[in-house]
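Per-chain residue numbering starts at 1, and chain names A, B, C and D are given in the order in which the chains are listed.
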């Protein structure tokens, strides 16, 4: 069941700039790409590279003399997800937690878990299993935060969202991550393409590490969990924003799509008692 | 010129806990260790491992049934620093910046560079060379922020310090990092031992990446730059705190020392026109 | 049923200072004072005056050359409270609200009601009568915020408390006020003596204006509502702090008491279906 | 030299609402009004009243069944201002400060002077006379904060503006007030009409009480100080916003003007060594 993913970004360049892009789907054991293509008009100097953890494929490009920049990316992606019964998810103590998950316990720019501890323990501390805690967190966010375009901005963090009670997918993810970490559950930001999501856009949700495996959660409930194609993971949006611009450029247009002919979204019935893991 | 470093931490364990420690000096080409010794009483299970970037040596220990925990670390460290004339420090654009420095451009928990841009440009934007900008930042912090024990806490961030105008070494470092990043200069947190610092304690300062090399700056002016022994680098204190406790423990005592018989601190005269680089 | 109230404040004066005190009980139709006495040693210049709304009796004193200041206030107070059945409390629209209540709709330093609207509507918007909304707010605070000495400071506001989930009486009151105003219910800060409260201290709670009458609520549940003696009302603690010091003084001791021989605290049974109004 | 002032506000009423308006010029000994006219279409119920300090003339109106609301206010205003030589402005200690100024020493919603003390003392504490301090504050704001429409919103406070370094007249006023109060100088928000200001709009600046008289300062330098017509004073914008809406209404248009045929704005030369006081 391959997904056809496509993104285009159009910019007016007001001053020579360097841009970091996170629009490439990851390529790894669980996610196979084919027909991948990146077109940048006019032709400018660019390179691709991963950072630190390997959970991203940054594009760094230098606009040079370009005054208009048109970036188009497309690929076919095959993904692999695993469903795991709740009963099979163990509660691994921090002393035995996989090392690579440790940094995802620490607070980050948009996920100030150090300030959310008391709230997290009051609301979710009575739940004994970490998996059930994360489910309760995602449900709480869905039920208590309004999804509202324009209600947040690039500076909005989990601390703000918790009180302001409104945000977009990025804010929902940050709050989920912050609450998990406050309960000593490693959590990371997931950004990707989402099949048939309406309106089409890049999507953000989060993964929590339980029993040393990373399960995916979408507190917005806007995307089907089996239709997600990973672009990057990171501590929060600071690590994985779509475009980070050093210089001066103005976006003049953007389009994103992710389609599949034979995609069947997992529904509530499929998910009963099951957690989802996006490989690897 | 070896440094004798020593740290001891004493805890009452109120409930079985897992602890992450950042007290080991790094061991690398520039910093050689000998006679390294870690004693933990009572004997508990622990392991050492680096995270992500290799700029740390985490100790993870499980208190098990211990009710009292005494941790003592000591080593002899030889360090290597390089002095570089200002004239030899080049201004490398982001398009050619070493990849490993890129994450240190992003905002982090305690260094919200995304909110400091306008202030940073107003105060330091008129300075043309990034090295001079960082010098001006460190001077500005020294001149405008009071070093005052107890004026900040574990939640205090650069955004707060900029307005509250008081803090400790950690806050000075965070503000320096935040202002550098706001000017698109990669900056990271440095924590370590500081020779003959009064009162003796773990110290924090910051490094900025200019011309693809990491130079060290101490806006507190409390430590001699050639007497620093690196424990860890990281985005901010969230990555490199001395002890992160999962569980319940109470510190009952702490002692830190760093001495050298033949140490001669670099003074203003030595540093005129020179930047310092701690290897590697 | 007279209450014997007593407060003493002891200061070391580090530099000539002016002090504003809010320790005098109000004197009005509903609250009669006798045997009132203020002793200040050494004798310094002072005056009493109300501000703006008449809901306070500020003492302004100039320490002059004093190096030590001992302030003792005592009085007998008789108070009057009225119990009103829920059924008799009407929902008066803002267009007919008493004018003097209008300023208590606006956000203030510690009660940023403008930032709490969405949370307030989500939690309490489904409740139709404003009286029931305020009862629900006070209950929510009691159930969700920990009363914890030392968990907050003079800068802590309702916005912080809502997320940090801990505070003292002042913080509980601020959060109650903020949530009421967010629902367009005028609310004000109440500070006073509280009969037999343990440990004895000045107390803070809040009043909400419903049906054009000011009812009293104590989300800490630490004080009996019929044992409160009003010192001052105000927008928040900024208007009614016990002591505001301009200069440099250090508190060296404080004692507060409020006792009555024949005081019978109202209990849950007495209060069923009843709201309490402290006159006037 | 009469000013012709005019304001019109147009709203679509989405739900029956109550509105508080601050668009009427004050009428007092120093400011005389004639030909004052308020037209509201359709005719709805409204009343005028002052709050607390008398430094405003609130209009409260009930939209009733109206679905569209057109509000037009106009008047001729004659104002009186006094120029006072710096030498004649005395430094009155708080112990002798006029009582009515005391509340303007306290922090308020948008002017958290309690958090600005250290910065204020560092920047302005070395200046001995309070008048010179306020001049330095207004200059500092003008030089360090960018006037930038859209850079702030209704939640932006002095604490934010100090770091973000951008705002509009309201933010400039809030920061001026916060810094004055942090230095124990009473300061209040001034909102009014401003003759020939470009673009025409309601204006905000601030008054500081020095030597027991309220002098006016405009850190934006957008308005001539002798061309200001006072609408209201207050602790900050929470007390004096143009329109506070309880219900749901959407502004569809607004126009403000303030003109005078023979107005000669005071310039730098006129103001040398002189402070301005708007009566009373």
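One rule holds in what follows: a residue touches a chain if its C-beta (ideal position, glycine included) is under 8 Å from a C-beta of that chain, and two chains touch if they have at least 3 such contacts.
As the structure is a prediction and not an experimental result, all values here were calculated from the model.
Enquirer: In angstrom, rounded to a whole number, how far apart do the mean CA points of chain B and chain D lie?
Expert: The mean C-alpha positions of chain B and chain D differ by 46 Å.
Enquirer: In whole angstrom, what separates the CA-based centres of chain A and chain D?
Expert: Computed from C-alpha means, the inter-chain centre distance equals 45 Å.
Enquirer: In chain D, which residues are in touch with two or more of the other chains?
Expert: 115
Enquirer: Could you draw the chains as nodes, link the ones that touch, and say if you get a line, ring, star, complete or other?
Expert: Ring.
Enquirer: Which chains touch, pair by pair?
Expert: Listed by label, chains in contact pair as A-B, A-C, B-D, C-D.
Enquirer: Sort out for me which residues of chain A touch chain C in the complex.
Expert: 115-116, 118-119, 122, 144, 146, 159, 162-166
Enquirer: Touching residues of chain D toward chain C in the complex: what are they?
Expert: Residues 18, 20, 45, 49, 51-53, 58, 60-62, 93-95, 99-100, 102-103, 105-109, 112, 114-115, 154-155, 184, 238-239, 244, 246.
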